[in-house]
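Shared between the two complexes below is subunit A, which has subunit B as its partner in the first and subunit C in the second.
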Partner chain A sequence: MQPFKLFLPESFEEAIGLMKEHGAKPISGGTAVTTLIKEKIFQPTVMVNLRKLEKDHAFIVEEKGQIKIGALTTLRAIETSDIVRKNHPVVSDCLSKIASIRIRNVATIGGNLAHADPDLDLPPVLAGLDAHIDIIGEEGERSMDIKEFIQGYYETDLKEGELIKSISIPIIPDRKGIYLKHRALSEADWPCVGVAAFIDDSPGSVPRVFINSVADTPIMQVEGVEDAFSEGITTESIDKVGELAANQCEPIGDARGSVWYKRKMAGEFTIRALREITGVGDSLI
Partner chain B sequence: MSTQIPIIEQDKKVEKSGTIGRHTLRLDGESKVTGTVAYTDDLPFEGYYAEVIRSNIPHGEIISISTEAAEAIPGVVAVVTGDDLKNADWISPYVGPAFRDQPVLAIEKVRYVGEPVAAVIAERPDIASLAATEVVVECNKLRSVTDVNRARKKTAPILHESGDSAAVFEDLATVHRSEEPNVAYTYELKVGDIEKGFEDADVVLEGEYATPMVQHTHLEPFVTVASYNVSNNSFKIITGNQTPHFVRREIARIFDIPSSKVEVEVPQMGGAFGSRTYVRIEPLVAALSRVVEAPVKLRQTSSESFDTSVRDGTQTRVKTGVTNDGDVIAQEVEVIWDSGAYADISPRKVKKAGYTAPGAYDIPNVKVVSKSTYTNKPPGVAYRGFGVAQTAWAVESHMDDVAKEIGMDPVELRIRNITQDGGTYNGVPIEPHGAPQCLQAVIDEVDWFGSELKPEEPKRSHIKKGRGVAVTLKATITPSTSEAIVLLDCDGSVNVITGGTEVGQGIITTLAQITADGLGIGIEYINVNTPNTNSAPFNTSTTSSRSTFHLGNAILRAIDELKGQLIDIVVEKQGIESKEVTVEGGLVKSPLGEESIGSVVSSYFVGGGGTLIGKGYFSTEASSGDRYASAFWMTGATYAEVSVDTRTGKYTIDKWVNSADCGKAIDPIRCEGQILGAAVQALGHTMSEEMVFESGQQVNKSLLDYKVPAIGDVPKVSKVIVVESGDPNGPHGAKGVGESNTVTVPPAIGNAIQNACGARVTELPITPDKVLKAIEEGI
Partner chain C sequence: MMDNYIEATRHEIKFILNGEECVIEIPANLTLVELLRQELRLIGTTEGCGVGVCGCCTVLIDGKVVASCLELAVNVDGKVVLTIEGLADTYQDSEFHPLQDSFREYEGFQCGYCTPGMLMASKALLDQNRDPSDDDIREFLSENICRCTGYDSIIEAVKSAAKEMNA
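Let's look at the complex of A and B:
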């Protein structure tokens, strides 16, 4: 590893200034970025460490019908938060399946979402909860839906000099969700395919399905679900949505599974997740 | 003269230890748990750092290597290439335990992606690493071959024109290069009349099975420090290596200096599993140190371990002739080994694993053909199980296929054909080995014949349950030598010096237990060294699960010699007959009284101290005639119970039982650790481990993508059975126990999956993808 200069700003403003001045990238927990450095994929000369922002930006609060989480909050803190567990157990559950406790103890939510790896577990779950990303930059602050924020393979809507400041998850008491993580190689591995499905407890609500690891973003939303369920939710129509999921995804074959397999699993876990949240058909998990 | 011999104060603490068979806390345990143990890289070091430049093509002729840009970087001391070594008059730059086919740095040709072609030496590691990116290697690409079947075709590119035999080891003295293209060595075994055996059989079944290249993934990467001393043309090498005496011999040979001028020190190691055998990076680091006449350290990353040493892949064809009653009367096994670009120890592996390729079964007609093949991939070396894991994957899977074909219970088929303890094997008598006891232990534990698995309720009919078993028989390295020196100080404490290395297996504690018991003193009085070849006597290797058996025997002999000296001293002092004197419980006892061993030593020497020295040599004999020699046999069995999700191909291991015969457990808990550790390592081979190559490039060359098992993968219901059959030649009846279950786990799980859902995956690892495909294709 080549040595690089590390700045330790105390505020977002200072961090943004340093990033601009040195054309530098930020580092939070460092779990993603250091592996890229060690693999020599990324060779920085200057980095801006956000660790000292933890003081003010590692928090989880309930305000205005939302859960607001500071960018420097660790995944483990979110996983074990009562506020999160009470309102959105699906988030706690999803986090408990990411990497290991050691990683979750240092990895931050800001770093996780900015990383935008198509295999990330959390984004499909946050998509189903209509979470917003709060961004801060020189020009001020803006907020956007996570589905627009993550744009492609390791790509987000963040402009140069912008940082994630916090995320906001609406509290939606009648929304029911599930995240199914299918691992192919080891229980401590990234997903082969992960499926998040949500439904609202209101008449005529149509489930939504988001899948990671099968496209260039971790949020592939299955389309045509409304049509498929137009005659009602039955095991047959659930199977049909499974087929839509399998057909719509564009996985890359790797050690976790061939294209054939990942496609099949996208379909299978869509069926499983939908059976769970709708209560239609026998459970397959 | 008083007949009352005073016992010195200190010795009151000495008590009869009797620790054989009892759990003893590891002497190195605390330092490892608290992270204070010093591995090679943790030792104080002052000197230069090296970084290796590696080939990025699988096969090519080196046209030029430009080093100027790297040399111009401030802090760079030298850049060394294969040509520099080839042209130097101070080194013969080829190494290898069987054939000297491997250059210290690539010379003229590169033969695999990742092969070292040059090295930068610099004042700081980051400078070395930066400079390494400035070295430009220009190659003329040659056709490459990564598949063992294509490699053996006449049209295939040839990796090695010639290969000198190293002639270091007796069992490899007659090993010659094969005539077949790219075949390093062919081993053949013929027992009985194979053709007639197949004619007499009621059913003949054939199958093909494969294993990929995998890596040892020891957590401590390769680190070596070499210091060349120009004033007396000598080397000091500190390295994590399982064969320090071979390193000494090889370094002495390539630099043409006496072996006494090569000091090899081996600190504790963070795992090895066969990867650190013979020489790895030591010759390179020694050569670099010779170039700059200063200490040089090379510390590789764990990704570079994949470039350095791997386990051979295999393709195996098994053909079995069986009667309707289940007597296996003929078996033909052809194993083609993907040994990578250099032979290393492959000839021995191919021979030994070839000999036991027919598994643990006594079959009257056998034919084995076992071929080590060169391909443009990293070199295959020793790996826990030494090839038997690969052959057993084939034969133990095949045994279940045979059982299915003739409609017999697979365990019944095994019991019917297993070689008896002290029966015959490959047509010749075999010493007691414990294979039937290991198999019996697991089937008794689960009541195989008296119980059935309860299927899932109809609502969960997509989950299918199954169970499977596998058993193994494996030889150990033979002939070999171990020596020990036991130093008894006048305070009654003892230093044990051997060439045995601590790779994490606990050998230090085991040897201390054997010594404590032998002298009847507490283990707290004993120190067991980590080796330094300047003082440690010869030891062939810390491999093949041989250390407890061989070093233990050498220590027992050293203790006998020591006791003889103690008795002689007392006999002389007291003027009595030696048969009246005994050494027990840390005391020398005679009719005139008893004296602690320490005070006997102290009374013998003057000048403030003295050391009594016992030495013990232990060697085993080579095979002769028809008889296949193995100092002892390793045996074990695994039972696995699985649930297969037939809609995803994913399986969980609901329960497993692993047994292995250790002869006699010097420490039962450490034996369990070895058995379970082997099993968990093999869980990786079963579920996930595979070095994936695309056009000769390994695409998952990092622990991020190459998945080893995590704690969550280990079956929650687990039983380990330590079988103690009592080896007639082992110290206290003990023998090696570290490998059997790396062999038996994959086929036991594969058999359980087949039993559950009919799917037979023939190629490791058994991924959900392959299981689902097999289910859908009805295989």
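Let's look at the complex of A and C:
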């Protein structure tokens, strides 16, 4: 790996100061950043290593009707957390499908979300649960919905000198969700298409569908779902939403499939996910 | 041209390696597998893909499986690291760990390149589950790749080691 200068702060304040002073990018679990450096896609001269913050910022707590997760918490810790599994099994399930255990033992949720790779598994699931990203910077702290936080291709709302401090996921007992990950290559691979669908157990609730890997962000929300379901949820209207998903996505063709294939899969997995959470039609999974 | 050359910062780290304290000064851009193989000459840990996919370089940090090719060596400061060289010492007074014995008995390797990673991942599995089913083993080892593809014998070996350790 190319040489770089590395700072090891012990608090967010110190980290933010160092990032500002040196124009440095942060590195957390490093499973993505290290790969990018090795492949010479990212060539940093100086970096701020957040790992020592895990002392205070690797935690999962249930408070005020939400699950709060510290930014330095590893994906594996969240996946195996009883608090998470009890309230949102869809999150545990989604995490269990990411890469391998040895990657999830190191990768952190803060790093994962700040990376904003369009292929990320977790954002569509967190979007369906209305999760908020808590951000800390020089000016203080702010919080925003994950759907606004991730803005584009590897792009977030984080300003220079800002870091993710924690993630807040509301506990919504009557919300049912599913995440279907379609892999075209190996089990540990990024998704070819990943579909997250959610519905509330209340009269008139309309499902919402979020898809990764088919747009410039990992959260593509299918639009027009309400209209499609205006006459009720039937296998026909679910097929219609599948069609909407296929038409609205803008995938790029790569080793995981052509544009045609990915569109087809986005539609198909939308139908499967919707059948599963609504209980309408036979299960296709 | 040399004006652009960045020198890596150097860091002193202190950690427990295979049961013994290790203090060493290393550059920031050194990965854990490089620290083990190049600086400490512990060449049992092998590096395969170098991007965290193949599982060859698996070591245990605080008892958890980690890809040592992606972990910066500075991050093991204050941690407990176990590599294949220290595996046997974790089990009673025997020369080899039951996993090593059973991998040999069941021929759970062919060329042997993936074996250190397989053994360390198996050790982590047995530490948390002393009676794993075939599915448990398959799932836990699913991302450790063996290109000689002797997977069945590896699963038999892990099962046999579990039995031996429970006896």
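By definition in this document, the second predicted complex is superposed on the first by the 285 of 285 C-alpha atoms of A that agree within 3 Å, B and C clash if a C-alpha of one lies under 4 Å from a C-alpha of the other, contacts with A are read in each partner's own complex, and residues count from 1 in each chain.
Here is the rule we go by: contacts are C-beta pairs under 8 Å (C-beta built on N, C-alpha and C of every residue); 3 or more make two chains touch, one makes a residue touch a chain.
Since this is a predicted model, take the numbers as computed values, not measurements.
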Subunit B and subunit C placed together on subunit A: clash or fit? clash
After the superposition on A, what does A:268 contact: first (subunit B), second (subunit C), both or neither? first
* Between subunit B (first) and subunit C (second), which, if any, makes contact with A:3: first, second, both or neither? -> both
Touching A:280, do we find subunit B (first), subunit C (second), both, or neither? neither
Discussion item. Which partner chains sit in contact with A:83 here, subunit B, subunit C, both or neither? Use first/second/both/neither.
Written reply: neither
Open item on the list: With both complexes overlaid on chain A, does A:187 touch subunit B (first), subunit C (second), both or neither?
Closed with: both
**Item:** Contacts of A:106 with subunit B and subunit C, given as first, second, both or neither
**Value:** second
First (subunit B), second (subunit C), both or neither touched by A:259
neither
Query raised in the report: Which partner does A:171 contact after superposing on A: first (subunit B), second (subunit C), both, neither?
Result: neither
The intersection of the subunit A residues contacting subunit B with those contacting subunit C is 1-3, 35, 38-39, 100, 187-188
Subunit A partner, complex, touching residues on subunit B are 126, 129-130, 301, 303, 459-460, 462, 647-650, 687-688, 690, 692, 700, 702, 704-705, 707-713, 767-769, 772-773
Subunit C contacts subunit A in the complex at 6-9, 11, 27-31, 50-53, 55, 58, 61, 64-67, 70-72, 74-75, 121, 140, 142-143
Interface with subunit C, subunit A side, in the complex: residues 1-8, 27, 30-31, 34-35, 38-39, 45-47, 49, 51, 76, 99-103, 105-106, 187-188
In the complex, subunit A touches subunit B at residues 1-3, 35, 38-39, 100, 182, 184-189, 192, 254-255, 257-258, 260-261, 264-265, 268, 282-284
